[in-house]
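Going in written order, the chains are labelled A, B, C and D, and every chain counts its residues from 1.
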Amino acid sequence: MRFFSDNAAAAHPKVMEAIAAANRVDTAYDGDALSERLDGAFSELFETEVRAFWVTTGTAANCLALAALCPPYRSIFCHRDAHIEVDEAGAPAFFTGGAKLNLLEGEGAKFTVDVVAAACERIRADVHQVQPAAISITNATEYGLVYRAAEVAALGRFAKDRGLAFHMDGARFANALATTGESPADMTWRAGVDALSFGFVKNGGLNAEALVLFRPELADEIAVRRKRAGHLLSKGRYLAAQILAMLDDGLWLDNARAANAAAQALAQAAPKRLTYPVEANEIFLKVSSAEAESLRMAGFDFYDWGPGEIRLVTSWDQRGEEIERLTSAIAAL
Amino acid sequence: MRFFSDNAAAAHPKVMEAIAAANRVDTAYDGDALSERLDGAFSELFETEVRAFWVTTGTAANCLALAALCPPYRSIFCHRDAHIEVDEAGAPAFFTGGAKLNLLEGEGAKFTVDVVAAACERIRADVHQVQPAAISITNATEYGLVYRAAEVAALGRFAKDRGLAFHMDGARFANALATTGESPADMTWRAGVDALSFGFVKNGGLNAEALVLFRPELADEIAVRRKRAGHLLSKGRYLAAQILAMLDDGLWLDNARAANAAAQALAQAAPKRLTYPVEANEIFLKVSSAEAESLRMAGFDFYDWGPGEIRLVTSWDQRGEEIERLTSAIAAL
Amino acid sequence: MRFFSDNAAAAHPKVMEAIAAANRVDTAYDGDALSERLDGAFSELFETEVRAFWVTTGTAANCLALAALCPPYRSIFCHRDAHIEVDEAGAPAFFTGGAKLNLLEGEGAKFTVDVVAAACERIRADVHQVQPAAISITNATEYGLVYRAAEVAALGRFAKDRGLAFHMDGARFANALATTGESPADMTWRAGVDALSFGFVKNGGLNAEALVLFRPELADEIAVRRKRAGHLLSKGRYLAAQILAMLDDGLWLDNARAANAAAQALAQAAPKRLTYPVEANEIFLKVSSAEAESLRMAGFDFYDWGPGEIRLVTSWDQRGEEIERLTSAIAAL
Amino acid sequence: MRFFSDNAAAAHPKVMEAIAAANRVDTAYDGDALSERLDGAFSELFETEVRAFWVTTGTAANCLALAALCPPYRSIFCHRDAHIEVDEAGAPAFFTGGAKLNLLEGEGAKFTVDVVAAACERIRADVHQVQPAAISITNATEYGLVYRAAEVAALGRFAKDRGLAFHMDGARFANALATTGESPADMTWRAGVDALSFGFVKNGGLNAEALVLFRPELADEIAVRRKRAGHLLSKGRYLAAQILAMLDDGLWLDNARAANAAAQALAQAAPKRLTYPVEANEIFLKVSSAEAESLRMAGFDFYDWGPGEIRLVTSWDQRGEEIERLTSAIAAL
């Protein structure tokens, strides 16, 4: 029973159907009828005119956005535990041409205006030190915490005041919104976000993510950078099909709600073991190595997260029975 | 009726079936059971130990290979009409960190040892001029010509003598082999090729290409560079599945033979109009703009290729009826 | 007797004096009193407000300018024989992050609006092909030809019409102006030039060149890029001192006139052997290898320039006697 | 009276004489007689065969070395307060093509094997995390501490065990050796150092630094990278002359001893105010802002170093009277 990551889950049947339906000749790259619907679909969802690009990985979405928002000789504020810092093999430096990640502290991979403001203060405004150009947050965070729209807006105002661009890594954007119940618009552009990596792969997609630009004037540069990075697939229609299927009838939110509910069930099995509040679909538990071993023996697959801690991640397709068995197993530790 | 490019064709039913069959939980990235079969499958095909990586575009395959074969401060010999020069938005410079493409001449995007040797002679061996590190050829070429294994081997010997690495862009590798009947091994590593971009997308795949390394010691670097470029998909199994389906029972060769046969049929309709010999699945014809217009009015879709010339590309899924109608239409011009 | 290059000449005594006079404590980097005078000195010379930066090489001046004028994913038009293409080890790609040089033809390393316009036409306006962002010319050219201000202005108008930036590599800017007698302003910003690499090292300087920006808004980016490239020397005053000495009382023009006059003397010795008109301080002569050998035996040092051709370069400090001896020797061939 | 940095000091008279003596025609770039003596001079000093390159800044020396020692997709361990992290405007990322600096802790900008070993442990050995390739230390450190040869050797052994390259930023290498009395060889290659940035500018030079390679096989790559970065000056002889003058008769050590002695005099004036031991030529003192103001009123120029702390740096040319006046002023606070 897989709890090691949502990125290994199956694709949702509707996504598979959409891919099958897209299997006909059409114009190459992103000129096809499906790809051309993306801007409209996301503009409707976000209640404003946006430009949207399919890509195949969150790393590509994040780093294309950062390359357009930060010149090579400036820096991006992000959390010390941010995916772009920890798990993208230096891709931000590759895509931006050497921009620096300026690492911030904060519980559960979340940081506040105070933290980024203090970091700004520490940078001398001269040519010897790398000056900041952007802020990037992850929502939900790498530790399953959620920024509320008001928290994002506070960062957004700070960014605007300082002339910084603002990116959101939304690999689990759906999980964040499923928790807060806030609108996509409130969570992003109304809060000052310039570009969003909107994740679908962890949430029922097969291999399509979206990069959504709330500043449409960035679109031309992103289009070129996507091609230049080898991310302009010649049969883009299969990616667009997945995304449209996920957006249709709110499937993306339904899937996220299912994953979040599974996480809540697990969290309630052992509230005292939690090392972070469970606000999305990740659960971090204090568990001894003997206990971890017993869970593994019982058939559960997950990551150790440092000594005495494990990480569980629930997915849209997690079966109720699996959840119940793990809930019981944790309660019984 | 589409003749503008093979990269807009549908995916083969067996590829679609393989993707559907892969739709179950498995380990993420390339740790899944399907991805793990790639090295073996290609090693068998090439009759030697190789390392193979899935990627989603030919640009990614080409440029990852070039980045491992050429340092930022050296150059790559390629044809002036090579895809890496003309149609990849500068991706080779992006992936290599600024390596230079040293452009060669030759009929039909093909060049010979003499041409590259003369180009070598023109480079002063000092620090002011960029020294070469690699040769890249496209087979079949961008103009539908085919290098025979012996021609490749001549270039391979030259490369080895000069300490140059040797890359083959095989976006239409299948079409080349379908024409020559030579073995994959003879066409590549036995001829001195270090890395091959093995195309599937133009030939019945959905969105999977392979980068095949005949120098397995390059694999670790390629693995890191693939991740760093945002090309390590989290659900790699759907890519591996496509490739394995294409390799199974020679589907890749069957598809290429079908496309090549269609091209031959078209070529024979107007042998005097051909601007290049038709050796794969591309046909370049001298056609006046009035004639081109009449073909378009009859429902055929293709690219103009400069004044008085058009390009037709046939695909694995081209229906016989379409071919016949176009054959007749051309003959009737 | 050295005729192989002006870049091996001595520094002018006034430059040496200025360096000696600068040998006192002052603020580091470019905060010193001498560096702070550069903007004013060049603004006066160019009759408009400019920003000027010392660097130590023409390569640095050229490539810092190009990096500010062209994003990584676009291209720069230049002549096939331009120094930035031929003799800077790929520095433009390094500094810009991978921008492409789009090579143009033209006699004597000079090109016209027609040539660059035709090159523009050949670029499809899509994401697959690298779109142009800038034009760079060298004046005087690598073959000793000179663009008149009106020729520069024609290119400048074209650049402006197409939204292209315009850079001039003026490694021998002084020699060009010494020939045309035109004003620095007419030759540059009034003709649409955005940035000028103003050479001093070949013309009596020791190791200081200037990058002059006619768009002051680029200055902040250049300042950062200069530091980031390791070109912000901590004792900049010795560079500023050289440049101020060269600008003082027109020393830069006097030196260039001396070098040009020496070139004219040599040119008149063998007008039928010239392969290019002599418009600055370089002379290219048809000379057999036996003749070249006899000149070398007589003590003259110069470069062969392909079979049957030699290059002579005169310098500000060329002694009259040397010139006379070489003039006689050439006439006597 | 300047105590804000040694990088604003004058050049030593012998350096000025050497520059004057070099003011004659010679071959360009580094082919001249003086530049050709560098390898020999440094090989003698280091008691082994080395390759040495002049450059004009420590940033260039550091970052050229790092680019040769670390590929774009790997990381370099350095101290959080290292000059390459704090004061080079991101140059390491620019020169390496995006390599990461992995920041370590340690008092006074110095770190131990334990610290770097622990940092190694925290890196998962997979493609998602950036793997280390090199260690860089600064000696003397940015806080005026000195690594003894044995401490360097401990790091060197660790580096070798882990397959990491080892670079030393020796902007104040002379000051370090003046303190320890150890040999250049013991402090570098015998301790496992692969490349040394050997500073002269802060120590009596005008604008020449040296990059010394203890692995001569790196020389070809460094030569190309130096050119490509615009750091191959055309009149290199004036740089070589400075370095040779500094090496002659131990001037470099004499100058460093003078600066260090001045620092000791200051340190002894207020031992209880020191925030770090004074081991080279930097003194950090706890001083209230009122006290700092009184020192400034008395004519002393220096940097504030955070609240309640100031930094003083002594130079080779500091006059005894200045030192005495400052010593008295500090003692009188």
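Here, a residue touches a chain if its C-beta (ideal position, glycine included) is under 8 Å from a C-beta of that chain, and two chains touch if they have at least 3 such contacts.
In this text, all values refer to a predicted model and were calculated from it rather than measured experimentally.
Undergrad: Would you mind telling me which chain pair, A-D or B-D, is linked by more contacting C-beta pairs?
TA: Between A-D and B-D, the larger count of C-beta pairs in contact belongs to A-D.
Undergrad: From the centre of subunit B, which chain's CA centre is farthest?
TA: So the chain farthest away from subunit B turns out to be D.
Undergrad: So, what's the distance in Å between the C-alpha centres of subunit D and subunit B?
TA: Distance between chain centres: 50 Å.
Undergrad: If you average the CA atoms of subunit A and of subunit D, how many Å lie between those two points?
TA: Their C-alpha centroids are separated by 42 Å.
Undergrad: Out of subunit A, which residues touch more than one other chain, so two or more?
TA: Within subunit A, residues 72-73, 88-90, 94, 97-98, 127-128, 224, 227-228, 232 contact more than one other chain.
Undergrad: Quick check: in the complex, which residue numbers of subunit D touch subunit B?
TA: Listed in rising order, the residues are 71-73, 97-98, 127-128, 131, 221, 223-228, 232.
Undergrad: Considering only the defined contacts, which subunit B positions touch subunit C in the complex?
TA: Answer in residue numbers: 72-73, 75, 86-90, 93-94, 97-100, 127-130.
Undergrad: Contact residues on subunit C for subunit D in the complex?
TA: 2, 5, 7-11, 16, 19-20, 23-28, 55-57, 59-60, 63-64, 88-91, 94-95, 201-202, 206-207, 224, 227-235, 238-239, 317
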